[in-house]
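Each of the next two complexes has subunit A plus one more chain, namely subunit B in the first and subunit C in the second.
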Partner chain A sequence: MTRPSPRTVRRLIGLMLLVAWEATPRLGLLPELFLPPLSKTLAVLWSDRSLYGAALLVTLYEVAVAMLIACGVGILAGAIVGGVATLRNLLLPVFSSLYAVPIVILYPIFTAWFGIGSESKIAFAGVYGFFPVMLSTAAGIRTIDEQYLLAARSMGATLPQLIARVIIPASIPTVLAGLRLGGALTIIGVVVSEMLTSASGIGYLVTMNRTILDSPRVFAAIIVVLVMSVAFDILVRTIERRTLVWQTAGRRTSSADAAVPARLATA
Partner chain B sequence: MQHVAQLNPAVEAAPAAAVEVRDLGHIYAGRDGPVPALSDISLTVPTGRFVVIVGPSGCGKTSLLMMLAGLRTQTSGTIMIDGRPIATPDPSRVGVVFQEASLFPWLTAVENVEFPLVLKHAPRDERRGRAEAMLNLVGLSGFGGRYPHELSGGMKQRVSIARGLVQDPPVLLMDEPFAALDEQTRMTMGHELLRIWSQTSKTVVFITHSLTEAVYLADEVLVMSARPGRILDRVPIDLPRPRTYKMMATDVFGALRERIWQQIRSTP
Partner chain C sequence: MSRAAVILIRIAILAVFLGAWEVLPRAGIVNPMLLPPFSTVLLTLGEILGRADFREAMAVTTAEVLIAFVIAVPLGGAIGVLAAENEYFGAIFKPMLFYVFSIPKSIFLPMFILVFGIGFQQKVAYATFSTIFIVIMSASAAVESVKSDYVLVAQSYGATRAQILRRIYIPSMMPILLETLRISMIFNFTGVMIAEMYASRTGVGHMIANWGENFMLPQLFAGVIVLAVAAMAFNELVRTLEARCSTWRS
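What follows is the complex of A and B.
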């Protein structure tokens, strides 16, 4: 008998959790107020699909714009701060400290400035996601192997060529890691700010239904956020796999090693 | 245009010395004031010669090589490569092979080799053909599609050599290219380098810590002193070519090695 693959085990655990979700309230182990059965939650989600769909669209719109800001400004600022030594020494410690601040305390200020519509969510989540993107971009640029730059210069690379052909490709892995974290934080930022003060979006549905103790609708909203986050993660992983082929090429299978003698023989 | 060329035959004729260094000195700004790194370096490397520079750590060998490559500017003195001063890196005159990790991991072997040609905006077919030919020269035909992490240490250095040679420069500078390799691979690579050198008739300036490697490879070994680096001795290696591993066991080889060792040992 062979040991089941980690993938199979993962799926089994997931399935068991779903079964437990359904069984625990049905068996009376937990009141439905605390944990409504999965089937009931899904049924609510289906019957209210237009409501949830509209809320999801609002949230997705806010997440998309916030991510654009977080990633765009984050990469730009990170590149400048990471690339210019004086700015780096001046600003990097400041940004690192700011990252540790629970930025959510600023949200009331954002609502005062931008109102309780999408703008305040976008601004807040954009700032929230900005830090990891900016910091990892700066780190990615700072930690480029000097040897690459020296080699490129010895081959006659000009500064624009150095940036486009060495610095950018060399820092992509770290930047992508930052985008993944920053993107996740952006989603958190949007949902949290919707939960705090708003009149639309998935986060709003969570809060609103919680106040009227409608557990199935709270959990339905949670499912939507869960699916959104997982979808984002899968998307980023796919991008990572596509762009970082050079890190994994030939490692997935051992056929590359088997090909060496054959190639040597024909050479 | 033809007239100009005929009127100016000096442009056509290759200079006798591929590398000509006169009274080179270098002082860099250290924490406690200026530090003299190199002084009174004069050397002439005739076209097609294989010169190896040895010396204690920190003697400025690498600084010297960086200056020959146009990657660093000397404080005083002149450097002529192929008859002209070198102020900035010029891969059409000087190819450089570094110790290791200088291949770009995000490019395949063939893309690494053609990188200098990409910088020059050479047409794709031309540069790909040239790069393939270089990989063939270093014994890596069929490995062009591999990424650096899929290659062994020796293969990576073969790719580096191919990259250094891709623009057909008259001079190849090598900064301890085999230092990170294990002993066996190192021997093989030295042998391979001599084969490539004899096929391409390049002028090679090679830095190493290994005295055996120095004597095995060189036409002439330059021994440098500790900082400030100066040339202590010039040891002609008149072992016949092609060199064989067996020569390492001969008395002549041992005597040459010993002479260089005594020079290095005597430096403070």
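What follows is the complex of A and C.
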């Protein structure tokens, strides 16, 4: 007997999870307070769609601004710190020590400074995404093959040519990895901060409905967050595939690829 | 640049940072209500460290972090090794783990509260949950980092399984294993903090969230300093070990 392909098994497991989500509460194996049936959750999501849509817009706005900060500043700072040897020796160890600090403890400071509106979420998620993006860019920028630089220089390339023809194409994989990491992290940062202290957004809906023990509405909000993070993942993957031709420009080592997910700090 | 110069410049940067923290609020450039001067924070720090309720909260948080760590690391390590050694199992579960890894774990906090309440168990359970995926992924990366050539050579010289494990697997995996310990502690600590800040009656996370809500900024900054120093101290400890072990691997 041949074993079914891993993909088939994965699909079966996914299907079983969905069926279990519907069946366990219906059969009374778990109280509906712990796990409301899938159909009921989806029905609630549909009937409250304008409420969830409005909350999603708030969350997406915060994610977009925070992502701009985390990725923009993070990639820039990472390129500078990683690219200049003096700065690298001086600052990189300091930044990787700071990375050990759970950034969520800064959130009360941000709410005290910026209030409980969107500003504190953007500030928190921006900082939350910044460090890993900076560290991964600083590490990635060094994977540019010295040989390319040497070859270009010996053929008489000027500095602008060197940047436009060698450094930028070679750093695209690094920048994309930074975007992927920063995006996933800012989504997490925004949702976490909305759950902690907030008056709007998807995270707020999770917390507000939890305090009134309205489980179907909690799970409806969870579904929205899951869909949001899957959608982001698919988006980045598509961009990565489109630019795959560029990626041969960088020296891609399997260890560098493995290091990227290991840096993903989730909360 | 010499090592001494690097350290001196780092100390200078720190001094400028702390000096600005002290001078800006004192000079009235920054509102001292929003940023209390560093010296005020230090005095508050001394005061809260002497308080019984803060020390009790520290003890609770430390216990939560340690227990979650002791559960998540061996369990995640075993699953990770299984996923790396058994190809079929790995092919099924690895893509799923990558996906679970990228979703925000904190949205499941309400489920943990519904099931476990808001006490000690819930903090440990949530921190374990938020840590275990990174342990699984790093452990399987550690196993995969062992060069198959070394294993082949050892086997052809007639090494036993135990010898291969002790002489090849453990030395090759050691740096990554230490890195795993370090990163999983970061996740673990973050998990406990979020759970305590979200809904709790005790713990340092609960205290700093409360201080923030009541606008007690000197206490809040002092609490943040204690937590940050504790996190960085553990991180540096493991990094020192990592640096020692990486000489094994060339």
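The definition used in the following text is that the second predicted complex is superposed on the first by the 236 of 267 C-alpha atoms of A that agree within 3 Å, B and C clash if a C-alpha of one lies under 4 Å from a C-alpha of the other, contacts with A are read in each partner's own complex, and residues count from 1 in each chain.
Quick note on the criterion: a contact is a pair of C-beta atoms (placed from the backbone, for glycine too) under 8 Å apart; a residue touches a chain by one contact, two chains touch by 3 or more.
Remember, predicted model here, so these are calculated numbers, not experimental data.
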item	value
Partner chain in contact with A:V166 - subunit B first, subunit C second, else both or neither	first
First (subunit B), second (subunit C), both or neither touched by A:T24	neither
Which superposed partner A:Q147 touches (first subunit B, second subunit C, both, neither)	first
Residue contacts with subunit A in the superposition, subunit B compared against subunit C	C
Which superposed partner A:A157 touches (first subunit B, second subunit C, both, neither)	first
Common ground on subunit A, meaning residues reached by subunit C in one complex and by subunit B in the other	264, 266-267
Complex contacts: residues of subunit B adjacent to subunit A	69-71, 88-91, 94, 96, 98-108, 115-116, 118-120, 139, 141-143, 146-147, 149-150, 163
Subunit A residues touching subunit B - in the complex, by the definition given at the top	145, 147-148, 150-158, 161, 165-166, 169-170, 172, 246-247, 249-250, 256, 263-264, 266-267
Residues of subunit C that touch subunit A when the two form their complex	1, 6, 9-10, 13, 34, 88, 91-92, 95-96, 98-99, 101-111, 113-115, 130, 133-134, 137-138, 141, 145, 179, 182-183, 185-187, 189-191, 193-194, 197-198, 205, 208-209, 211-213, 215, 217, 220-221, 223-224, 227-228, 231-232, 234-236
Complex contacts: residues of subunit A adjacent to subunit C	3, 6, 9-10, 13, 33-35, 86, 89-90, 94, 97-109, 111-113, 184, 187-188, 191-192, 195-197, 203, 206-207, 210, 215, 218, 221-222, 225-226, 229-230, 233, 255, 258, 261-262, 264-267
